[in-house]
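Heads up, the next two complexes both have chain A, just with different partners, chain B and then chain C.
For the complex of A and B:
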């Protein structure tokens, strides 16, 4: 292998693929990238055994392949002075030259680099998956014991897709149109956090998802588990609807939370015609606030975890937000007239 | 010694003030005299029961009085406590049981009866609380006491009140303890250890620096084996060497610990006695009779321990948000794994399920000698175990657990067991548990 590549393009490709690599690895090979140059294209492979990333960049020179430490190569490319970089495999080492700098890196056997087995896919389609997942990602669970909640549940039927995340305390669903049909899959959190922006080609099977853009192919294992029947928990008969301004609501909840000793403590909302009163008590201190709200029903008291309230409102555009409540004990539904196809559910918490 | 005989003091047995130059009490003939220049001024004490578990067992079975006694679990496990006779043969607490029995083959090994010790510990604490409201228990058998300002109440100096207290514990409870009296917590604790058993040691402010100077750095609270080795690597072995160093040098090298080294090496400790200092974690652990590696052996133990931790959380009306799993491998390497929950919990079910998840990742054929589970990040139970959107069974499991709790409260712990622990026998019974 002896190739020449534009430095900036190589840096972009290394960064894109390198995001898969974990900072600490039990297997040394997982800290490496596999470089493979073939007929004018260099592909950079990186994996954590669950996700495989392949970034592509144009190059000139002889074909070949080598495995080198990802962090070192990325660092060298980032600091290199020249506008072009030459990579050459000589006696088991990769020589990197740019401008007047020269580096020699050790390699690992390319046979040792793990490859995710090829899968056949059940559905292929194009969509802006990053935009679809963005307003639900915040609700992904961190809890080990319920590993099946540690991702976004993604399914498509009758021309409609739904992306859902929940941790049992809040839930968010985003839906839209799609030209495909597939049974539900659970996309792991890590992939959800590195989705390429804009329209991408997607292929889905029961065990894999593959996202393809011009410069990057991401193939990920899916979480093997059964997602709970979430539709059942989205309230449909909450008839007390209060409309609030996003900014006013977020600010008031934030103000009363100032006295909280721990992040995400409960805030009590007393909903009454024309207004919502906020109150919070912690360690003998109290805080009260009030905002105007459109509401004509009976007064309701309900408590929410302020962190969950904040994170859910954060994904919605500014302006009015509707909160549909039933009573102080049942889950509340959140919708925004500006975002069609999005629903959020918040579990109330006990407040005195 | 001739100088000290002129210092003020009293007889620890009859409390008569000492006369100059006497070696035994002129009233009762006891040699247990205590003298110190600052004895009338000092009021901060550390009280530590002598070989607590062993002493309690000897009290309850006088046949054991002149025999070496070891309290600890089974053939395996470690020595919890050993009496002073066993210590002559080299037995030490925390020593593996097989080593202890090698050192002292005729020792009588008694399984710990934690409930009994806890009850005796409470009796001792009740007597402490009659001395001062400022009692800070450190464990079941030791506590810091601040007797400042109690002179009028007891019509006597703190030093004499403590001596009277030690005698009272011997008479009324039947166990012995050692008292360390000083002006700060650090030196009170050091003092209580100087003369065990039935000790009474005084360290005053004037002598603190000289007293500490020749001692090893491990005397300082917070210097464990690893830190001691680090300091030794830097050429620091005695507290005296620390006394000669500058605070900024120590802080630059050792961070926060550097400040502690600087202050404590000079006998400068401003920590006060906090009664009822809240527990930081609640945990339970057990050492197995034989090393275990299979999940079918480990899981029942985890379940039993989770139930124990949960019961204690519920009793104390606290909840915890981080679950900590502790394992010790057959070659004595510790592994701790933790996981922070979204919301605090009190439920055995959640502690167990979370612990199980952590445990499953460690089961790879490795043989373990110890398993423990605990919770930290303790909070009030108000926000614990909230209703769950997608797990309706969680609510039902919580209801089932509270029903189990009620049955157990009425008919005893063994009245109702889950399938995880049923028929699994003693191995699942925790031998040792602790609070930090």
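For the complex of A and C:
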């Protein structure tokens, strides 16, 4: 292998692929990237055994492949002086030249580089998956024991897709149009956090998902588990609808939470025509606040975890937000007139 | 009064004092007889905790009218053909039926499979015993009514209905584990029906009795030393319980409660399980009947081995070996468990220099090896090939440079200093004005949650987070009973539970203070804890221990990466909480190293 590549393009590709690599690895090969040049394209492979990233960049020169340490190579490319970089495989080492600098890196056998098997996919389509997943990611569970909640549940039927996340305390669903149909899959958190922005080509099977852009292909295993029947828990007949201003609501909830330090700090909302009163008691201290709200129904009291409230409101644009409640003991539905196809569910906290 | 030969009924009643101590011992004797008779199906029905009715039906060999007449007489047995040195049956003393007959109303209906018709015999408080023809199914049905009606003194010592019916369930569970090929059905107005259908392998039956979870977390053991054979399943060290109720031992198929075996089991786990926690185990010992004496006590639950040292060595050796073989993955939690799971079997978990080539697991390039991690505290797939998965395994501990400068300077007002780093995912290293502090994050956080819970409890009902999807936790029926009984108390603590069928509890609310918790393991630990207390203790008196169990679950697990702000927040909370220097188990939550100490270490002083 002996190739020349534009430095900035190589740096971008290395960064894109390198995001898959975990910062500490017991398998040394996983700290490496596999470089493979073939007819004018250099592909850079990186993997953590669950997700495989392949970034592509144009190059000139002889075909060949080598496995080198990802961090070192990325560092060298980032600091190199010249606008071009040459990579050459000589006697089991990769020689990197740029401007007047020269580096020699050891390699690992390319056969040792783990490769995801080819898979057949059941559905292929294009969509802006990053935008669809962004407003639900916050609700992904962290609880190891419920591994099947540690990702976004993604399914498509009758021209509509839904992306859902829940940790059992709150839930968020984002839906939209799609030109495909596939049974539900659970996309692991790590992939959800590195989705390429904008429209990407997606292929899904029951065990894999693949995202393809011009510069990057990400293939990931899916979480093997049964996602709970979440539709059941989304309330449909909550008829007390209160409309609040996002900024006013979050600020008030934050203000009264000041007096509590612990997690799960519950705030009590007393919803009455024209207003919501906030109250909080902790360690013998109390806090009260009030905001204006559009509401005409019966007064109702409901408690929420202020962190959950905050995180859910954070994914919505500023302006009005509708909270649909039934009573203080059943799930509340959150919608935003500005975001079609999104809904959130918050389970109340019972406060005395 | 002159010495005189006692009448038979009195002799039998005296024997009954030992053989049938309580309803559960009657059930044990009757089920033993059914099994000795070669039954494939044994049905047990009880009422009033076994005090008003015990009925055991089997499809075994049945009895001829002649046998039937003898069976209810003292010292009549069909089982001692080989003498006391060759006992291959569960019964051998020939005293169960007469003893029962002397203290209760006993009725036996039996028919040999080939026989034209069946016969019935009745004994009431020792009287009766003449067989007469009666309609019967093949096999035997033994009915015991009004136990101890003839010995009112004994009757007084019986515990409540619940306790007695629970003890009966326990007897059946033990028998069920010992005889996987026999189908057991336990029913009655005093309980929910439990059925153990015929199991193909011992582990299948064990799953039925102890729950799937045990099977998932168990290591099979198998060892022979001289002529003693040991088999069974033992839990991985991290799958431990708060009491020893889930330790089962069998000698030649006989359920035994033997101190020597239990002590060997404890020794095998001694340095792997924290004090006060108990392993879960099913141990089956098989040996020549001549090498073990089961005739130690009429209840036949004690045994004496000819060579106790051999048996002890065998148990300890086999378990240790199994734990070593599997335990590396098994006993480590989360991160490390995952890392070792990525290693091929047997590879040492040692550091590998970066230039050594290393092949990933062979199954990688094969078809779909889907993601399915298990509970962090639990090992990754025992018998299966190691499997790669997602986990935050490789996150570095936070580094000093991640810490924003404004929080970085140690201040006099902060005795625990400014967090500098998190190492080994569990220790926060913090710099104080005149030294270093190392904090055990899990222990420290547990203490904080504990103090919070305790504080909040005195102030009325705790806030509870309602769950979108109730969690259904499968548990043995007795555990469900115990938990359901205390449901109102738990509600005060923010834990909303209710019964969900015979063998499960539905959890609808969890204490908000705990955040996102592993509900099943919290509930199981609470159940274990209550089981330890017995009937008497009220939850209110035990608030502290419940709080401590809950705190443990609500605490930042070791192994979780903390952001610098989180580390500093933890330090500040510790400073504000009295008693935070010790965790709930009495271990220190942090240690300090003064600069002077450090300088001494480097011989600068």
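General observations
FYI, the second predicted complex is superposed on the first by the 350 of 352 C-alpha atoms of A that agree within 3 Å, B and C clash if a C-alpha of one lies under 4 Å from a C-alpha of the other, contacts with A are read in each partner's own complex, and residues count from 1 in each chain.
Everything below uses one rule, namely that a contact is a pair of C-beta atoms (placed from the backbone, for glycine too) under 8 Å apart; a residue touches a chain by one contact, two chains touch by 3 or more.
The structure presented is a predicted model; accordingly, all values stated were derived computationally and were not measured.
Partners chain B and chain C clash in the overlay (superposition on chain A). Contact with neither chain B nor chain C is seen for A:273 once the two complexes are overlaid on the shared chain. Between chain B and chain C, C touches the greater number of residues of chain A.
Of the two partner chains placed around the shared chain by superposition, neither chain B nor chain C is touched by A:75. After overlaying the two complexes on the shared chain, residue contacts for A:317 are found with neither chain B nor chain C. Looking at the shared chain after the overlay, A:168 reaches both chain B and chain C. Legend: residue contacts after superposition of the two complexes on their common chain; A:142 is shown touching both chain B and chain C.
In the superposition on chain A, contact of A:198 is made with neither chain B nor chain C. Note on the chain A alignment: of 261-269, 297-305, 405-413 or 567-575, the part of chain C that runs into chain B is 261-269.
Within chain A, the residues touching chain B in one complex and chain C in the other are 141-147, 166-171, 228, 230, 233, 262, 266, 331, 345, 347, 349-350. Interface residues of chain B, counted against chain A in their complex, comprise 339-343, 350, 353-354, 356-358, 379, 382-383, 386-391, 394. Against chain B, the residues of chain A that register as touching in their complex are 141-147, 149, 166-171, 228, 230, 233, 262, 265-266, 331, 345, 347, 349-350.
Touching chain C in their complex are the following residues of chain A: 22-31, 48-50, 69, 106, 108-109, 112, 114-117, 119, 141-147, 150, 166-171, 188-190, 206-208, 221-225, 228, 230, 233, 261-264, 266, 283, 303, 305, 329, 331, 345, 347-352. Taken in their complex, chain C has these residues touching chain A: 334, 339, 342-343, 352-360, 364-376, 388-390, 393-396, 452, 455, 460-461, 463-469, 471, 494, 509, 511-521, 569, 573.
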